[in-house]
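Just so it is clear, A, B, C, D and E label the chains in written order, and each chain counts residues from 1 on its own.
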């Protein structure tokens, strides 16, 4: 906040400048291009790290804010900032982008264009997470479609064109309605205050009539639900994943899908609290359906990437569930799960990519016994698999558990059904792992496999470290989220309650955020006390 | 009978005059100094257009009626004039190469383009149905000829004939409409028509209504809105590519200029009627345009349908009306000029003599062979599809925000859905460019410096004004008042 | 002044319609063009009638300009037809459809 | 209680888990480059050191007065979100100390054993990594101070079990068994997670101390919440401890290396369920209904598994079913309120079952991997030490005094009789009979009678190396002596564990009061159970030593029943048909029909329809001028008509 | 009375000739009918006191423009049969067009008869016109109020001529090869 240096802007636009710089380099100098792109990504990542350290976890205000008028005529400003919700997604993005560029080292075909697309994509994604202006947000939201579209379409698999067009049109179809809704909000704000502005923070204060809330929510919902993708809108995902090159899949799973869930948190909930509450049954059921459905369908996939893609549907069901239970655990779990999914699924795609590079097939049936030849990969693969199925001690569990906890508090039945997802995820992931990595090598092709090289190790190792870190000590993340999530929920709650009281409904609302912040602090104090004198405390407790 | 000759406010028509004179001079130069200036005519006309642009620029804020209220100069017309001149200038830049290559490097070409520009300027500045009519005819006749300019080509002939026959046919309807308005109100002056209608608003005058409807046919034809659009795909396909580029931008903008001025200045009292008609027209226009564009294989034809669809979007601005609507129309027209001309410029560059690169499939593998051109083409396609941060997006955004502001939410939603459909076929071009293997050799490009300038300029416009549209928006807002 | 001016207008309407129908049903480009001229004539009649009705000259002046334009169009139109004929040796508009769909 | 360093060993409890972790890390990262002996030393040392620390911890704990024998060490907040917090902390109390001693103690022996047993294996270091990791997880499980941390251990051991079962991953059956184990365990975990959620929602905390403290005040006895929580927890326990209906994974788990079976699938991990039930005894006592369920399932499993064990021919499978059965006993005890008895049996079982497994491992090792008992026999002379230790183990499990199993099993039967009813006693008694029978059947088939080994095997048969024999001997000693921990009159373990039961201070606890039973009853029960065991042994002797043709005759006569039992009551097949197959079929339908045809079909249909519309609409563009003119005129007239008539 | 009679006769001729234009197979006959239509219209213009327009109608339209038409017809040497070969591609076009035309007639007729001009009357009554002279008035208007359109018309004609020349030139001259 007090940082004068516009660190967000630098991090966001540095890749873009990198891309522009790359334009002037001859396409033949592949090595140089790769190095430069990598350097840009590394620098970008390093610059983004201070955010984590400088971030103040005791405030729900947006930090590192920068606000410059952009298109004054429309009241559009370049307003960026992050809070505890977007911080990690932002960092995740810069991290995964770096990984992806490194993962694309073996691309031979038009590397220059590829790297440019990657870097532009990075700017787009980073921009989405920091935008505090609806217009800006929409702009980045659409901007990142193009490079992604190209990455899938140019460097993808055999059915890439179908997949990429489907991806693009589907996503676009969702987001145009959002644009209408954004415009509606804009004019609504004008009608109420006489000020033309797209500033999210100002529009937050808007009191939207209930009927309008319904439609607006729906408009945003489609955009985000398609992006997530939620259960019945998910069919673009397997196609896109299967056809995308490795890095494309990683980015797609790791970051792009988070845009939808992030959108729900950042926009849908605080803007339309009443409608959000009204839609809870529908959305939670869809989410649960997604969890189970994704898992079941993943189980019978024959293609590795498809399997992971469907598992994404399942995992993101958890995220959505967490967001729409309106309590702090659910929301924090949801956000954490976004990051977890980004890491573990991203890594899974990396691994699938590594296998694919060696064997040029993604069919599970073509593998078997790979562990024998690639023991190091097997370890990483195992870790990612376990993280994906939510093994305690790894990151997946923390998020999943918090989501389930939050869900359980608000709807036991749904929580119970969602928990079955835990069983199913073990089924499909382990089964897949078994078929790919275990058993005897039956396919002679597999006996020629080489274990991962140093570059690939460098891809997987940091992710693994993060996976363990989040699994074992997620507090740095959770504590940074806490204030923002709390603030968000309180905001939603208050608005919802006023709406209800205006409607004359005095029904007892299940309070979402029970001002947990104090609780949390006291618990910290308690720990420090207790560790000093545990016995005394125990005696006190016993009496 | 004493004759009082009114003062001639030549200043107000100075742009028109300069262009007309230049046109005639170019013809003369071509006749007398062909040897020396044969290859320079493009430069000369370009410079004239630029110079005229400055003249027009000085007219900002003048707001005068001149020549017995036949003609008006206001910011609205200035803005449109600038669009016309922009489009003319770019088309001139793009033509140079083309007409030489096709062996039709005549001074008449530039003359006619300039005359068409004169016609458009008359349309934008016409304050009387007569002036407007003459402007339309001036423009149309020039375009009929231009469409058939490569006259040894059957396609060109056919385009020309179709355009001509249908244009003349529609002119009949439009004139009948003007006649009816005249018969009902006793005047052809826009302001006076409005005054008359306002004063006698107690009665529903069917003649005015029918007259207005007939005008919709006439103007609708010029802007190619469904169901008066059918000429445009054929004509766009058959005409010489620079002419197609020209037709899809300047004259179309002129059509909108007239459309909006006539309906907002002369017939505001009938708004409840025509806005519903236009609502329906807008919806079917964008839908049909976008839908049919999907199945096109010829890129010029595809762009023709896309241009129909864009006309549908722009119609929304007219329906919305008001300052916001007008400003959005102005902006949209400018945006469209940039991106569409850019796209055509690329098509021209890739054209070979005799066979223009007309099929979308011919672009296969362009990304491998000519990466910069490919990027440029993609930028234009994405801009046309309305994807940020390009100018097409801002334009669409502007129009639909105007629509939403005035409560046309359904219209906006339909428009948005349409723009999704449109994404599909614009994407196909990029798909072909980047994701298909080349099916043929690209001939070595003969890039004339002029067309490079044109491409660079359109790209810069498309991108820069997409990211920083502030200035233009301000200008459009300031120009959004019909004097 | 026994002939009501409306009759003239009705006549112009009839002429206009005949012209329009003529455009739709003829296949000869020249005849189509003639029918268009017929339509313009109908418009002229209407203008003159209105002019008479309102005791103003504006309508007649308009007719003057319409004639000018008609002349210009005629010149261009015939030139186009000739150019086409040179290439294709027909002016049957039904045969002129290499560009469609 | 302070030593010269100013800290108690209680404070050093962390080292108990740190050593195995360190072992894991060292072996995991460097193992490939280290020599096998170093790997083995590191692995054993890690556990050994843990064991030593655990011993000191025990001593320190004993210094405290019984009601203060609870010590918590909190390290950091693991998950903190709103009011929810899970603290990474360790809890030392008599129960956990008993458990860590068993885990590290038995674990150490098995590690030592493994050095010999696994020596030929290429992935030696991997094996020790897993084993150390397992110990680490198991220690977390038993030392955790809250449910969620316990769950980490819980899943951690599950993971290691998975990895170790599938250790020879190239064997399809092994990797499949590992997966089966994991997934079935997950089914149990499903219950566990829900239980944790419900506990948090009910009590606002998941800390053991706080929950158990609050439970009696919050919940009525027999309240639905208590029943639900305990039932859900029990689902978890059922999964982990391989009880009906989730026991099927355990026999398959025998695909793993034998020491693994000994450590994980006999001595420690599978008893985690029992540990958990005992740990939550406060909650369980609040729900009599659950207690009954626990008892019934325990008893039923004991009998059921024992009956399967009767006819199995794979030496390890027999032991596996016996394990299932024995754990059933423990649950039976717990369900009847005899938590301490359950723990007691857990401990003794750990000794003798580890012994038995290791013994069988020794046999298998000696026979070069043969596991089918029908191809053994007369090993007595080839492997005398193995035979003796195995015989001790068999006596222990059969419940012959004074071996360990006798005391604990007898106590359970006593418990069943006094607290429960004749029904439960009956279950236990029959199971005991069967146990004695099948164990001696195993013994006889393996070590006695005629050799049925193939020639090739026979030439290679040899006594195992010392690293294998040493643990056998130690465990044999423990199997002999272990029972005296719970010797009816001077029951050390009862006294030691008493504070844990019922959270020590409220009146609901009624664990470990076998003292109240009249000694008359006690001794008659002892007699009866000894009698039962002897009957079993005699029958086995008759059938397999004196009249070896008898089993075949019986099998023929009761062919139907025999087949059913031989095929384990077709439970696997039933599960396959009722759960696995339908799920897969449903998934296939979901994928191929719902996903591809319906949902995606709809999406594509929208696209295709648009293109179709496009194709149809473009046909209106005929290329004919007159058509165009017509459409212009038609459009114009429609507009005019509309504008006049309708607007 | 005479006037009405004249009107009726002339209008009938006009309509008949117009129909003749449309339905004649031979373009040359169509042209002749068109000339006749225009001449009869000129008579009607005179009846409407628009002598100048009537004169221009005869001279420019019937004379000049139609002469070009005939000229072109001759030039292209079209005969009847050119248009007869081959079936029409649009069998429904003709009846539909006639129906549409009828609708149009009815519509325009209704509108024209229902609407009476109610605005202010201009100063140029037939009497005034007869007094000043129709042609003078036209001239005056052209150079005062309509000076701009007049000038534009000149450019328009210029453009048209340029266009016609470029299109109708015999061949594209291969540029100085």
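Criterion: a contact is a pair of C-beta atoms (placed from the backbone, for glycine too) under 8 Å apart; a residue touches a chain by one contact, two chains touch by 3 or more.
All values reported here derive from a predicted model rather than from experimental measurement.
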Q) Touching chain B and chain D alike: which chains? A) A, C, E
Q: With chain centres defined as mean CA positions, report which chain is farthest from chain D.
A: E
**Q.** Closest chain to global C-alpha mean, per-chain Cα centroids
**A.** A
Q) Which of the two pairs, D-E or A-B, is linked by more C-beta contacts? A) A-B
Q: For chain A and chain D, let me know how many angstrom lie between their CA-based centres, rounded off.
A: 36
**Q.** Whole-Å separation of chain centres (CA-atom averages), chain A against chain C
**A.** 66
Q) In angstrom, rounded to a whole number, how far apart do the mean CA points of chain B and chain C lie? A) 26
Q) Hey, how far is the Cα centre of chain A from the one of chain E, in Å? A) 71
Q. Where in chain E do residues touch two or more other chains at once?
A. 89-90, 93, 97, 100, 104, 107-108, 111-112, 117, 119, 122, 137, 145-146, 149, 153, 156, 159-160, 163-165, 167
Q) Which residues belonging to chain A are in contact with no fewer than two other chains? A) 169
Q: Mind pulling the residue numbers of chain D that touch at least two other chains?
A: 607, 618, 621-627, 629-630, 633-634, 640, 644
Q: Check the chains against each other and report every pair that touches.
A: A-B, A-D, B-C, B-D, B-E, C-D, C-E, D-E
Q.
Quick check: in the complex, which residue numbers of chain D touch chain E?
A. 622, 624, 626-627, 630, 633-634, 637, 640-641, 644
Q: State the interface residues of chain E toward chain D in the complex, per the touch definition above.
A: 89-90, 93, 96-97, 100, 103-104, 107, 111
Q. For chain C, which residues are in contact with chain B within the complex?
A. 9, 16, 19-20, 23, 29, 32-33, 36, 39-40, 42-43, 46-47, 49-50, 53-54, 56, 58-59, 61-62, 65-66, 69, 72-73, 76-77, 79-81, 83-84, 86-88, 93, 96-100
Q. Can you name the residues of chain B that touch chain D in the complex?
A. 161-162, 165-166, 169-170, 173, 206, 209-210, 212-214, 216-217, 221, 226-228, 230-231, 233-234, 272-274, 276-277, 288, 291-296, 421, 424
Q. Which residues of chain B touch chain C in the complex?
A. 130, 133-134, 137, 141, 144-145, 148, 151-155, 157-162, 164-165, 168-169, 171-173, 175-176, 178-180, 182-183, 186-188, 233-234, 237-238, 301
